[in-house]
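To keep things simple, chains are lettered A, B, C, D, E and F as they appear, and every chain counts its residues starting from 1.
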Amino acid sequence: MLNKNMETFLCCDSDYEEAGVVLFGAPFDSTTSYRPGTRFGSAAIRRESYGLESFSPYQERDLLDCRIFDSGDIELPFGNPTRALSMIEERAATILQDGKLPFLTGGEHLVTLGAFSAVYDRYPDVHILHFDAHADLRQEYLGSELSHACVLRRCWEKTGDGRIHQFGIRSGDRDEFLWGKDHVETHRFTLHTLEETVARLGDVPVYLTVDLDVLDPSVFPGTGTPEPGGVSFDDLRRAVTLVCSRAHVVGCDVNELSPPYDPSGISTAAACKIVREMLLALPQSRG
Amino acid sequence: MLNKNMETFLCCDSDYEEAGVVLFGAPFDSTTSYRPGTRFGSAAIRRESYGLESFSPYQERDLLDCRIFDSGDIELPFGNPTRALSMIEERAATILQDGKLPFLTGGEHLVTLGAFSAVYDRYPDVHILHFDAHADLRQEYLGSELSHACVLRRCWEKTGDGRIHQFGIRSGDRDEFLWGKDHVETHRFTLHTLEETVARLGDVPVYLTVDLDVLDPSVFPGTGTPEPGGVSFDDLRRAVTLVCSRAHVVGCDVNELSPPYDPSGISTAAACKIVREMLLALPQSRG
Amino acid sequence: MLNKNMETFLCCDSDYEEAGVVLFGAPFDSTTSYRPGTRFGSAAIRRESYGLESFSPYQERDLLDCRIFDSGDIELPFGNPTRALSMIEERAATILQDGKLPFLTGGEHLVTLGAFSAVYDRYPDVHILHFDAHADLRQEYLGSELSHACVLRRCWEKTGDGRIHQFGIRSGDRDEFLWGKDHVETHRFTLHTLEETVARLGDVPVYLTVDLDVLDPSVFPGTGTPEPGGVSFDDLRRAVTLVCSRAHVVGCDVNELSPPYDPSGISTAAACKIVREMLLALPQSRG
Amino acid sequence: MLNKNMETFLCCDSDYEEAGVVLFGAPFDSTTSYRPGTRFGSAAIRRESYGLESFSPYQERDLLDCRIFDSGDIELPFGNPTRALSMIEERAATILQDGKLPFLTGGEHLVTLGAFSAVYDRYPDVHILHFDAHADLRQEYLGSELSHACVLRRCWEKTGDGRIHQFGIRSGDRDEFLWGKDHVETHRFTLHTLEETVARLGDVPVYLTVDLDVLDPSVFPGTGTPEPGGVSFDDLRRAVTLVCSRAHVVGCDVNELSPPYDPSGISTAAACKIVREMLLALPQSRG
Amino acid sequence: MLNKNMETFLCCDSDYEEAGVVLFGAPFDSTTSYRPGTRFGSAAIRRESYGLESFSPYQERDLLDCRIFDSGDIELPFGNPTRALSMIEERAATILQDGKLPFLTGGEHLVTLGAFSAVYDRYPDVHILHFDAHADLRQEYLGSELSHACVLRRCWEKTGDGRIHQFGIRSGDRDEFLWGKDHVETHRFTLHTLEETVARLGDVPVYLTVDLDVLDPSVFPGTGTPEPGGVSFDDLRRAVTLVCSRAHVVGCDVNELSPPYDPSGISTAAACKIVREMLLALPQSRG
Amino acid sequence: MLNKNMETFLCCDSDYEEAGVVLFGAPFDSTTSYRPGTRFGSAAIRRESYGLESFSPYQERDLLDCRIFDSGDIELPFGNPTRALSMIEERAATILQDGKLPFLTGGEHLVTLGAFSAVYDRYPDVHILHFDAHADLRQEYLGSELSHACVLRRCWEKTGDGRIHQFGIRSGDRDEFLWGKDHVETHRFTLHTLEETVARLGDVPVYLTVDLDVLDPSVFPGTGTPEPGGVSFDDLRRAVTLVCSRAHVVGCDVNELSPPYDPSGISTAAACKIVREMLLALPQSRG
């Protein structure tokens, strides 16, 4: 008798009960204002992960030794951000309740709000580490408060001042930067100052949100709003490894891969490798 | 002194006051469930119309002789269908109020609901001629009633039974076809029976909505949900000419062009030519 | 607790024991001489089937009422046709042994030889209905006898004369056509003469092999060797429906979709719809 | 000792002295007004001809039996139409002087003027058979008389009235159609009336110019100005076979393939097959 | 009453009279020898500028505070470089005459000659700062003196020795480099030595011409002749900011963006951002 | 009388007898496990070399002064690695026997085994310098010992321990890295330690194999398995120049360019320039 056809991120095929990390995808891009397509991101990461090795020569670790469960993509209603966010929050809450770490792949950056809400409920003292080209701090955008361009502002409404730490920011309107000075910690252009922040945070619970457009468009063309002048792949690889291995990460996400703008596949390959390095570095994924 | 840089559909540069037909674009695709991208459709039609001649050898007429105003695209809020539809309805209402014919280019098919609502307010006895691959008659889709897959059902809630005439339909779920039998007139697969319907309608006001995916994907690959087995370009060209010249058209739209899926540009070229033939056939566009 | 992430062709999620038809994919293209890429065909068909409706307005049937199991793709060794064919044959033999119909999706056309071998073992009187642009009757090609260009010749070595019926053939070298006159039945250019052949075959077991490049490249650009001058989608749709509903089909395959050459996705959409229509027409897929 | 690396159209590798037909390419597109790229057409036709069989099942003839020499592409100066046309004319004149038939592949349609000038010098009573979507009869275009949009007008300046026979024309400005009525014979939209014209021409020398955009864009998307509503591949295949086998062809060309707009390669495949069928039908290519 | 549909570079919508900088586009590429397509560059820069923010976090300035007029693209005759250059020169002369700074977007690099001629007439002591991968110093190219490969040589014929300063040059034939040693100042491979040159120039009027292929192809793939080994985006961003804010710039251009070779849009995004940074740095654009 | 149409890498048109270096292509990719397409690599390098200058400003040398013969591509049987490798070995042996240096362009990396076998027969003390993202040291892959992923392991079976020197390696499975520690010299991630190795090798004969995926995917997207985190173009350019000018190179290859994944052409441009720099640096190519 033949088996059913399973689809997971490379080697993430533990039983749910034994897994310490649970992947889930949020294929949503309805508020994307420039070039839609990130809805295809989570499936592409899962599918193209088979072009990777499970072993990382950077960390000398192997996904074959990890206990990770990939729960697939949530089926989300396009055009209805409120309901989509509830569904994402619910999935993250289930995972947290079962004592596992939720690892979300987007979708547009707005999906972070769903996962972060569940994390915030469980860890009210959580800080956010935010890697991005864009500040995402607007009060509203094109008449909507639930937009990718407002997502960190919505998170701030939960955390209050001083608990959002942004890195790599190189785009935003004047008001975002002005407002940000009083309420969040913005490190422009690079990730160089990350190590000091991670050290300072110590054992505080951390939610890590990686908008992959923090990468330079040469490395990561496949995204909704490419912003020239970004960080290198090795910079981001080192940064996520640092955070996942040294900070007390209690939830995380990787978002804004848009496969339709990635004709050569290099953006998806970069996304897969960042996800692999994060999974290998998170203590929760090891036995 | 230099002039400002104007952008219109080919030759549609009349003064607003003198125009009999007014073009407007609705770059919206937030409820698209399969492959987004129709938000770029209206701008592509405007831009690529310059690959066309203004003269039609089919009708022996020339846009140079027409009085048409292109009012450009409305700036719509992504992720908020309710508000987007209000804005479209408002623009159509203004045009109707000024005694001109509103000609909408999408965008996804949902945008029809905005323009049709304005037309219905003015012409409560209006019928709909609907060319499409899909029935679009669902009560709801993915939990939403404001979805491209429900747009004709929403229109029916205004018109009631027997006033929607569909042609070319070759896809839908079982329930749509079942429901449709009792409430609308569905001509499957082809446009062959159109002439009889147009004759029967006589002077009744007609809203014409053209989902370009009624065309075969070989002719029109650039759309969200390509459905093999469609009609030919000449079939559609003849059909829209017939309706625009013989029926009493009081509003119309052309939608579902998705330029990201049109690498060779043939879909945009087909859309432009259908728009040209409609404009040339509408009595309102002539002096 | 969350469920595992299953991937099947649209609605083909029966339990194996209850299924009458079993889908399996053979992602192999190592002997492709012109443009490789068909290895991605079976996965693309599975993935993009979600752009389809499960209901067919042509047959008035619904996949929701069918009992089909999708067993996924076989992991095949690239560069080793002999071993790949054994693995395909083994999978088909298991399915036949369990009293179910094997339905193979390619991959290049060579994969047919694996599935047909298993079918031939069980039904030694089987005939082949072959839809293709190319005769595929060479004794060898580029020094190899296991090549896509030789696959029907290899099948003939099993069946002997008069049991291969080709339709739509519009390309081959002079020797293939000459040899073919004495050994197989070749209907050039169209599928028009199919009905008579199906009637003549009566209850004889039939293996149906559909090389999708029988379609015109306008309808089906995404293939290794596009041959202008092919049949229309409706011609092929009607032909496969005829064979699957009226002949005694005991095995079948659909092959030669090459997604890298299908930038707009229309070829994959056509392939999915042909597979759907075949599944709906096969009596084995119904309860 | 190794041989030099030759590149020719499929099997067109006769010695020059023995050849009856000589191919040459004119990779020029500097006057293209809409989308450039036809400069890559002649090389693409040569290169991709290896995806074809040398045998035609339509004509039951084989290029292996033909005597054709492919002299490669002329290196033309971009931005200088006058000089480019002289160079093309010179090459054609050499071929004619050696008693062979010149067969030009473009490039944009303007290149016809170079080849036709040489033919006209040798055959002052020559007629032109012209297959095209566009009338190409303007006196000037964007301020230039040497433009692709004027090429048949320039030819007419040599031949005078009544010796240009156009087929398939479906685009032009009003003045071109008006002027054309008095000076050339224009058959709109289709090739249906060709047979009668060929019969009427009898033994008169004929120059055949095929602008491949006469094909429908579904069949031939890869061109500078796609015009929906064109002829089918089989229509064009039959038409060129008819002309080349029954008329007294003394020179010919095939032009306007633009590979950058042909992502799936079907346009190049169509162009190659049209060239093959023409070569097989021309009596000069046989021994 | 509805407004006309204006199209400008992001926020460049001042009245002409009040503007200090005037943008204009030259969509010309007829002398391009390798891969045409830069004719679409100026329109793409205008259109895609809406993916940018008007605020620069590098300069802490905002286009909302600037006075810039975008006069759109000139309609140029393809295939006629002499006439195209006159039209460009004329536009630049008008702008200069009105006391404003002309800012040209190409188009191929040859268009620089038109704008520079007008600038030279007004500022006979002008120097040229030239960022490029290619020396562009040939006396002629493919038989023509008006070619992109000769454009700085033509400029030198006006300025004479020592007034052209090239940076980033990494390609040219042997003769160009030899000739260049005696007549221009060539800084190979990088922009590192720019600061010293700008300091040395002091208040001398400067024309800045930026061939965007000076960027590495990873950052800027969308160009006619990609040359591996170029400068980074940040290097170029800093360089143009330096020149525009510290040198006495009296005219400038940005050229060689070829959208058909930019499938992911990152080249256009880079071009837009370079234009934004230049506009923000130029003192003429502020009140 | 017209000449035959020759096709060579830029300026590599010496007579065979006079040439010191002989280029040949191996268009083979049948064992590629992820994304096929490298079969088109050698032809693309030849064709696109015409976008390059023959002069290198890095080395101040010109291909016009070199004596190189391009013998074109071998016609290889797809699906039969054993036979393909024999044919490659035979071509390389002929070139070596004639006292010339064989320079192979792939194709997938497996082709190296053919050329290296011939070199090893003549120079049994040869060492290998290997630039690659992948270790390629597996005993078998997907059941086959003749796979691109095993090619250096097969070479090691000839050379034994200590004679393979790998640089830039950033991907492999755990066992490859473990095995490699005892048998080969692996320099991870960069080429920085190359100079010391070249110095140490002195006059020992060296075979240089360049898998172009050692480059970062931003620079070289067009390859089968893009691995983020690679070396820059200038790093590789300097490395190959160093090896070709200072080591005793007796054979070399450049492989793994896959044009279908290179939509903007930058990968092919990079490959061409690496080949040019190698040819210019090899003493055998000069008189």
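Please note the rule applied: a residue touches a chain if its C-beta (ideal position, glycine included) is under 8 Å from a C-beta of that chain, and two chains touch if they have at least 3 such contacts.
These figures come from a predicted structure and were not determined experimentally.
With contact taken as defined at the outset, chain A and chain E are each touched by B, F.
Contact with both chain D and chain F is made by C, E. Using CA-based centroids throughout, the chain positioned farthest away from chain D is A.
Averaging Cα coordinates per chain places chain B and chain F 56 Å apart.
The centroid of the Cα atoms in chain A and the matching centroid in chain B are 39 Å apart. Looking at chain F, one finds that residues 216, 218-219, 263 touch two or more other chains. Here the touching chains pair up as A-B, A-C, A-E, A-F, B-C, B-D, B-E, C-D, C-F, D-E, D-F, E-F. Contact residues on chain E toward chain F in their complex (touch as defined above): 34-35, 169-174, 177, 188-189, 216-219, 221-222, 225-229, 261-263.
Of all the residues in chain E, the ones that touch chain D in their complex are 29-33, 36-37, 39, 75-81, 83, 142-144, 146-147, 260.
The touching residues of chain E, when paired with chain B in their complex, are 1-8, 16-17, 22, 24, 43, 47, 69-73, 91, 94-95, 98.
The touching residues of chain F, counted against chain E in their complex, run 50-55, 57-58, 62, 64, 216, 218-219, 233-234, 237, 263-266, 269-270, 273.
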